[in-house]
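Each of the next two complexes has subunit A plus one other chain: subunit B in the first, subunit C in the second.
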Partner chain A sequence: MQIATKHFLKISSDFSETPGARYYTDGHDSGQEFYEKILCHAFQEALDDKAVLTIDLDGTEGYATSFLDEAFMRLTKDFGKNEVLSHLKIISTEEPDWISEIDNYIKDVE
Partner chain B sequence: MLNNKYFIYSIFWAFGILLGVFFCNFSYFVFEKTIRLADLLSIGITGFLGIYIATSVNKVFTRNHSEKEFLIKEIKSSLKVVNELIGLIHDKSLPFGKAVNNFKIINEDLLLIERLINSSHCKGIDVSVVRNELIILRNNVTKISPVNGNIILDSTNYNIARVQILKLKSFLYNLVFEINRK
Partner chain C sequence: MSKKNKRRDIARLKSKQRKDLKNKRRFKKYILSQNKFIRRRFPKSKRSRSESTNSYFGQAIEKKIIINVPEKFSINQDIESVLFFVYKNKKTVENGRFNQFIVDFSKVTRIDDGAMTILLSLFYDMSYKRIKVGFNNLPTNAAAKSFIEQSGFIKYFTGPLAKVKNDGLNVTLKKGESTILQRESATIIHKSMKTVMGLEMRNQKLQGMLIELMTNSVNHAYLNNEREKTWYISTNHYIDQNKVEFCFVDNGDGIINTINFKFKDRYFTSNEELLERAFDGEFRSRTKLANRGKGLIVIKNNHKNMTIKGLKVITNNVFLDFDSSSAIKLKTPFSGTFYSWVIDKTCK
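This part shows the complex of A and B:
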């Protein structure tokens, strides 16, 4: 596992080609692990630099709803909805529907 | 096959001779030995237009037919993965990696089919209803935490997933019917 290039994160190369489910207890490469080891730090760096963190979803074997929901829900709870919406950009050409799904996960956080 | 073709040609040939003999010997018709230039031009233009229209129509028909065949082939390949998922759902235990990957394959296939439809003569057929159904099913199945690497469906989740995947399958068949109607 390597640290992402500044303000750009590709899940398939920076984390795993086979992302798992929600929690550590669900098995390898969970959403919780992705958040705690990668996303949280990359987002903090982007915030410090007043930049936008771009996350590329392409190149994996596929995503479970639980993985993305957990990672982005935690991010929103820790950093706040407005900060996340203004400093995060999700890209995907393989499954572009995930972009709006993730947007909903963020907006649904109470 | 070849003999059959020559047999049909022979029948046409014989029929042509009979027609010629009939008209030449039937006193009602009078054949002139000369033809007016305007009539000759008219025959030429009519003949040319006839051949041109027939060729154009045939070309469009052939193109549309091959586009349809190609699109239907792509949908059939998606149906194979959907059938694989149906099998896993019936088992009420889906290997996590396999399930997630199958959803991605179907999703990418549908995206490709949508793009191909939009650049073919079938433009206007709505694929979004199929994609939306896939997303609902994917979210319902992959939100469940796996146990020992498998997504276990309880009876409620099983019934919901079974209905949804059959709906997805019927939408894909409807897509084939709609393409065939174009």
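This part shows the complex of A and C:
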């Protein structure tokens, strides 16, 4: 499967350089906001085009576990584990540990 | 007016006068008993330092109190004396007897960032109860005086000495109310990295940790949701050593109380063990959902991976020192959570 260039999301430029915590109620730029406003639509587009959505984690000030957990757990719950695993690619050179961590979030969803 | 009516009016008047007199006597007796209570409750030495008045109902309201900061006001050197001071003053605030606190530092010989941050967080929280906090005397001890002047903590107090201008621009105190301020924490980190590395830069792992701390305070630290959920971050820059000391404090219910509230059925030999296990990720958060409650693990991992150094945690009756891997039971409980750590050039 080829990665279409339009199916590329850089959190720092497409969403926020300072991602926050889990919910809207926690403050600005939450994981819930990222999922509902950006990730959900971008992933749907990638699915429609039978492409892989690439998400670049680099360029932000840093992430809380709750932000990433909320965004990718919701994605997995809404689209299914198999779809997410086959149509999503996470990249990061600054914080490569997050790639396996997000992978765990996705696999842990029941 | 007939003679009969006149007589009746006079009788009513006399009766009213008798009642008033009776009430006056009763009121006087009540005031006297209250004064006796004040004399019994507060020793003369304390009374002489506070202005007391009696309200209309005779209830004793002491308006102003001068509180002497203990000689060793340092988390690193005498943690018990700091916590006892905080505990005692929290109780005084809860009693609602005073509406003005004057802090006197004159006896202080040892002082550090952690103790000052806890003190400031306590006083800032007092302002919600419309209590004014001023500050009276600088320490007579030269080293302690120099610390207060140069650290810049002085600018966060009100009162006569707050006008004393100092060169201390080192300390930044940030307060949050029921929300996570990740943009502000990013700014704090940029400035800290400039002190450590010489130029403003990001530190993603530290930023992640600060968000976890703020999230814990806002979402878990306060079991009573109606309370103001406040937290405080202070940073003290030691420019000549390329080092920054961070302190984070909330005056919530503390990690141990929060865990005990949720896991009532669990048995642990001690609170020290419970806290150590919490940082190992033994407990999920109160939401009971998978992947939650990872904040404490992130904090511990940051110390393990040398992102930060000298991590210390005080919560309820436990002091956890990550450098020496020791957990100490405290005599005086701290109802809240306090973290302190350092970043310097050796950190990754």
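Assume the second predicted complex is superposed on the first by the 105 of 110 C-alpha atoms of A that agree within 3 Å, B and C clash if a C-alpha of one lies under 4 Å from a C-alpha of the other, contacts with A are read in each partner's own complex, and residues count from 1 in each chain.
Just so we're on the same page, a residue touches a chain if its C-beta (ideal position, glycine included) is under 8 Å from a C-beta of that chain, and two chains touch if they have at least 3 such contacts.
All figures in this text were calculated on a predicted structure; none of them were measured in a lab.
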Combined model on subunit A: subunit C and subunit B, fit or clash: clash
Contacts of A:21 with subunit B and subunit C, given as first, second, both or neither: both
Partner chain in contact with A:105 - subunit B first, subunit C second, else both or neither: second
Which superposed partner A:29 touches (first subunit B, second subunit C, both, neither): second
A:74 touches, of subunit B and subunit C: first, second, both or neither? neither
Of the stretches 27-35, 81-89 or 117-125 belonging to subunit B, the one that collides with subunit C: 81-89
Overlap of subunit C and subunit B interfaces on subunit A (superposed complexes): 18, 20-22, 26-27, 60-66, 69, 94-95
Residues of subunit A touching subunit C in the complex: 17-22, 26-29, 60-67, 69, 73, 94-95, 105, 108-110
Residue ranges of subunit B in contact with subunit A within the complex: 96-97, 100-105, 107-108, 111, 131, 135, 138-139, 142-146, 149
Complex contacts: residues of subunit C adjacent to subunit A: 179-183, 186, 189, 202-208, 211-212, 214-215, 218-219, 290-292, 294-295, 298
Residues of subunit A that touch subunit B when the two form their complex: 18, 20-23, 25-27, 60-66, 69, 94-97, 101
